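Encoded as structure tokens, the structure appears first; notes follow it.
Letters A, B, C and D name the chains as they come in the text, with residue numbers starting at 1 for each one.
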Amino acid sequence: MIVRLLKQPQFLIGFLFIVSFILLSFIYPSVMDVQKESKFLYDENEVIVGIAPFSPKDMPPFGTDMNGKHLLYLVLEGAKYTILITLVIAFLRIFFALFFSLFHRKSKSTFFDDIVQATLYIPTAILAYMFMVPLFVKDATEPMGMMTLIVVQCLILVGIGVPPLVSTFSEEIRSILAKDYIVSTFSLGSKKPYVYYKHVLPELSSKLLLLFAQQAIQTLILLAHLGVLAVLIGGSKTVMMGDIFNLTPSTISLSGEWAGIIGQSYQKLLTAPWIILVPLSFFAFTIFSINLMIQGIQNSLESNKS
Amino acid sequence: MNFSFSSYLKRLRSILIGVLIISFLPSIFFGIAPLQSMKLWEYTIENRKYSLFPDIFDKFFYSMTIFFTALLLGLLVALLLTFLATLLPRSLKRAVYGFLTLLESLPDLFIVIALQVSAVYIFKKTGLLIANVSGVYDNRIYFFPILTLSVLPTIQLFKITFLLMKEEQNKPYITVARAMGLGNLYITLNHVFRNIMTSLFQYSKTIFVFMLSNLFILEFVFNLNGIMTIMLNTQGVSFIITVLFIAIPFSFLFEVMESYRGGLNVQKEDAA
Amino acid sequence: MDKHLISIQNLSKYFVTKTGTHKAIDGITLDIVKGETLGIVGESGSGKTTLGRTIMRLYEPEHGNITFDGLDITHMPEKKLRPYRKEFQMIFQNPYESLSPRLTVGEILEEPHVIQKMLSKEERTKKAYSLLEKVGLPKTSYLKKIHEFSGGQRQRIGIARALMLDPKFIIADEPVSALDVSVQAQVLNLLKDLQSELDLTCLFISHDLGVVHYMSDRVAVMYLGHLIELAPKDELYRNPIHPYTKSLLSSIPIADPERRNAYRKPIIMPEKPLYPPQLIHVGNEHYVSANMIHIKEFETEDNRNLIRN
Amino acid sequence: MSSRLLEINNLNIAFGSGKNVFNAVTDISLSINSGQTVALIGESGSGKSVTSLSVLKLLPANGRAESGSISFDDKEILQMTEKEMQKIRGNEISMIFQDAIASLNPAMKVGVQITEGLKYHKQMPKSELRAVALSLLEQVGFHNPAHIYDQYPSQLSGGMKQRILIAMAISCKPKLIIADEPTTALDVTIQRQVLDLIADYKIREDASVLMITHDFGVVAEYADWVYVMFGGRIVESGDVFTIFNNPIHPYTKGLIGCIPSLESDGERLKSVYDYSFEEAGYKGRKFAPETYSMESKVYHAPSSLIEVEPGHYVRLFDESEVTIVG
């Protein structure tokens, strides 16, 4: 299966982009001089001409954010967090959904289906927001350390994605179980776990990769939305910005992932749009490369069916 | 068309239970949030309290006008594009399809912000304000929200009709129609389009769900304070009411669609 | 043990659908003698496949009971039934759906033993090879996957698999309807040879009366979930009583142009009776549903004496 | 107008191009007189359906008639433009397909679909269409035409849908009906009713029928003339009585032998492979094509149809000494 996938050009391009991006995000400090900050712009005779944030025209390649940090480095720094968090969340969603759908059919509790029905009408961003706000309030009262906060946030993002996935899986499993060769295995007296392990899961596995990639895209989009809502992974603290005359509270993302960049400078949208457009376009690139991987997977699925 | 009211009620009941569970889960996990202090029928924006009831109706109406105009615009543009696509040579068709997957992977947030920024940029450069960019307290803007919200349905509807056109061509009933000596144009218009419209019903459910979450982001970025903004800022009972405001009409729509499709061909694999 | 390997009394299986309960099979009573092949013929919707699968306990029957080799297995819990499952095996209709696309032929053939935890690995492989040879497939197919085989070859693999556990009773559910007519004859002959060689009792299900006639000793006709007529095959062919059986027989085109009967008896599709018909013995092992006995035109000469005695 | 309605002469049809070209059908010659039912019999992959589709120029995109001629009513079909073909399809030649389940537009009422041909070809006004549709429905055996008219295809059984297709096919009173395995997917009781319908139409309108089937019983019951096809070639042809009483080609004998008949007193079914080549062949020349098991590669040395008795042709290899390449 994997060999066939690597032969698909689209899958290869998408896969290489993501892997190289994560690698670069880990090794870039040793490769480029990171500390470069340019809070002020001096013209040839040392006169301060401009103050951060600078547009990509003044400060290639991507310009800087409010406190002069180069967006290029911010984005590279954030890449590993965003992509890895997304992959972990997508994987956990698939894992739990598969786990539930194997046992969900047994338990007659229909609450699960009710939740699935209800989630159709509530945008996922609002759903996540509803859980995140009380979490932050609780964290404010008795802080639980950044790591536990991130873990709980991830669990929330996983929990939201599981119900609709469970109904997709149950659908898939039902259609597989109806196949003749499964009926014939049961006619041999095989137990349910044996049939699941030997026949249902391998048949599902080809779909799992596809669903994983789709979940990764949904998580990326959700992170971007939460960024705009100033709900940041790893929490945020508000800090007084600007000089003493106009102290504007602004939230600083502790974990530095992309949505954080967007979240903390969202108010500057109209004045310094590039600060938000740059991380957003990286979100778009990642989503596009995952889409390429999906097309590669779909082609390989078709080819082995024919 | 075997629409049954009882199955619609069953669906509503299950949505109600689902919403109830969802609205109480946060407080179960993370304790009662202090916002609970406000009365049942209230929502807060920038911690100023507003009473839910008179506002929710026209806010809902405002959001829905944007939603359905965008959907209609999306449908029209998609059909136009499909018709143009049929005239394209085969190689160009694949290129169009590839371009669309690229467009589709643009996150809605990107489109919304890019549009807003470019509108401001054009205004700064040329002084021409195409349309107002954000809904300050009570002036309702329509042009940009509808344009942004229609991008997603246009792409998805076009991709689906595009796929269906290809799929439908080699269906046996097309060969039968050709064997009856009917012209290709006649067949495309009377047979293929008619079928595509009916199978569009099946996919519209997923498109609707996507559009709802886009509507929310739209309202936030353009700060239109429609129904979604209320949903964001309410808790407990008022949250349930807001969700039901959306759930009741849309689940009715889904019920009608499913019953209509039930009569026709078998449920197609979800391609969107 | 009495001579009936399988006997079924009043077996019924209902499926609950959106539009009400569909009585797939209703009140079927049938005995299958050890070593014989009982043919089940019926058109689509007659419930013949459901009957086969209910006997195999793949469906839980609503009422009635199934006795296999003197043992009532109708509601036997799965755990207790498991050892007996190796006694009755099934051959499926669609060669492209009834074998796993991922396993090699060897794995497919040995899976029954893996499930029933019988024989060591070597014995399983030896048996797999011997059965491959018995169904006329080369030894090299052991390592191949099923997408490398034609429909006819896949059906042979299905037959080999059904015989791996040395069953006493085989249910063949439309084993040849998906095959080309030339391959069909080969598979039918293979089934006949294996049955006599391994002394198997067989239930042969098909919509094609010609195929059922060729394979079976006795033939049962099913219509809309009811058993309406049962007789030795030649008796049924020469002296059909139920109007539906008559229509069935007269619809089959005879491969002989001289005997084209331009005039054809009209096809009668009787309404589905409310209650399952009772079968009455009308002489030389010929059973027919009671409510058909009183129909006037049934009193033809050649079976008038039958009615008298 | 000569009594020859349809004349096909050494037609070759190929699919694909370059390296992976596939000759679906080679050197096909057959003719149908008006009022005659001709049967094309063969198994899957024998090219019988492709031949029938080529008569209406309905070959799939990558298929093309490379050489040979198809003349219908003294008009050469292969030279016709798409416009001219559209006037013939459904109007003078109409076709009935095997897969009745999917052959009707699921989103259109059945009654409307029946009269589309009339509306398109005969510009029949809307008012008359409904009346004609109802009479057509009666002709194909529906007792409640008004009710059936308003049904959608998904509400009808397989047998009913096939009758709708027949009603469609005969709506413009065509001279030739091509029935491509019209009853394979149907139960035998419905099959007879459907085949009788086609036969009644043929007699009533003195039309002719090209019947594509794999069931020799259907051929014996309904056909006047038979062409047996294998590996894209005609291996034997003749009138139905000669073919049944004196089949010569081993493949034809095999096809007839492997039908389980109700009168057989238990003798073993002969499969196609039991009729392996009698060494003698016919008058010193071997039967072509050499092997006929569908799996093995078939050796296509030059061969031609020889008239072994008036009107009875068999395909034999041209040279007597032929090296058989498996």
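The definition used in the following text is that contacts are C-beta pairs under 8 Å (C-beta built on N, C-alpha and C of every residue); 3 or more make two chains touch, one makes a residue touch a chain.
Given the structure is predicted, the values throughout are model-derived calculations rather than measurements.
Participant: Quick check for you: compute each chain's CA centroid and the global CA centroid, then name the chain with the smallest gap between them.
Facilitator: Minimum centroid-to-centroid distance belongs to B.
Participant: Using Cα averages as centroids, what's the distance between chain A and chain B in whole Å?
Facilitator: Each chain's C-alpha centroid was found; their separation is 22 Å.
Participant: Rounded to a whole Å, what is the gap between the Cα centroids of chain A and chain C?
Facilitator: So the centroids are 55 Å from each other.
Participant: Taking each chain's centre as the mean position of its Cα atoms, how many Å separate chain B from chain D?
Facilitator: Here chain B and chain D have centroids separated by 50 Å.
Participant: In angstrom, rounded to a whole number, how far apart do the mean CA points of chain A and chain D lie?
Facilitator: 58
Participant: Show the residues in chain D shared as contacts by 2 or more other chains, in ascending order.
Facilitator: none
Participant: Chain adjacency by touch: line, ring, star, complete or other shape?
Facilitator: Chain contacts: single closed ring, each chain with exactly two partners.
Participant: Can you name every pair of chains that touch?
Facilitator: Inter-chain contacts occur between A-B, A-C, B-D, C-D.
Participant: Quick one: in the complex, what on chain A touches chain C?
Facilitator: Interface residues on the chain A side: 179-181, 183-190, 194, 198-199, 202-203.
Participant: For a test of understanding, state which residues of chain B touch chain D in their complex under the given definition.
Facilitator: Against chain D, the touching part of chain B is residues 170-173, 175-183, 186, 190-191, 194-195, 197-198, 263-265.
Participant: Touching chain A in the complex: which residues of chain C?
Facilitator: On the chain C side, the touching residues are 53, 56, 58, 78, 81-83, 85-86, 89-90, 92-94, 97-100, 102, 111-112, 115-116, 161, 165.
Participant: Chain B touches which residues of chain A in the complex?
Facilitator: Contact set of chain A toward chain B: 110-111, 113-127, 129-131, 133-135, 137-138, 217, 220-221, 224-225, 228-229, 269-270, 273, 276-277, 280-281, 283-284, 287-288, 290-291, 295.
Participant: Could you list, by residue number, the parts of chain B that touch chain A in their complex?
Facilitator: Listed in rising order, the residues of chain B that touch chain A are 11, 14-15, 17-19, 21-23, 25-27, 29-31, 33-34, 101-102, 104-110, 113-114, 116-117, 120, 133, 209, 212-213, 215-217, 220-221, 228, 231-232, 235, 239, 243, 246-247, 250-251.
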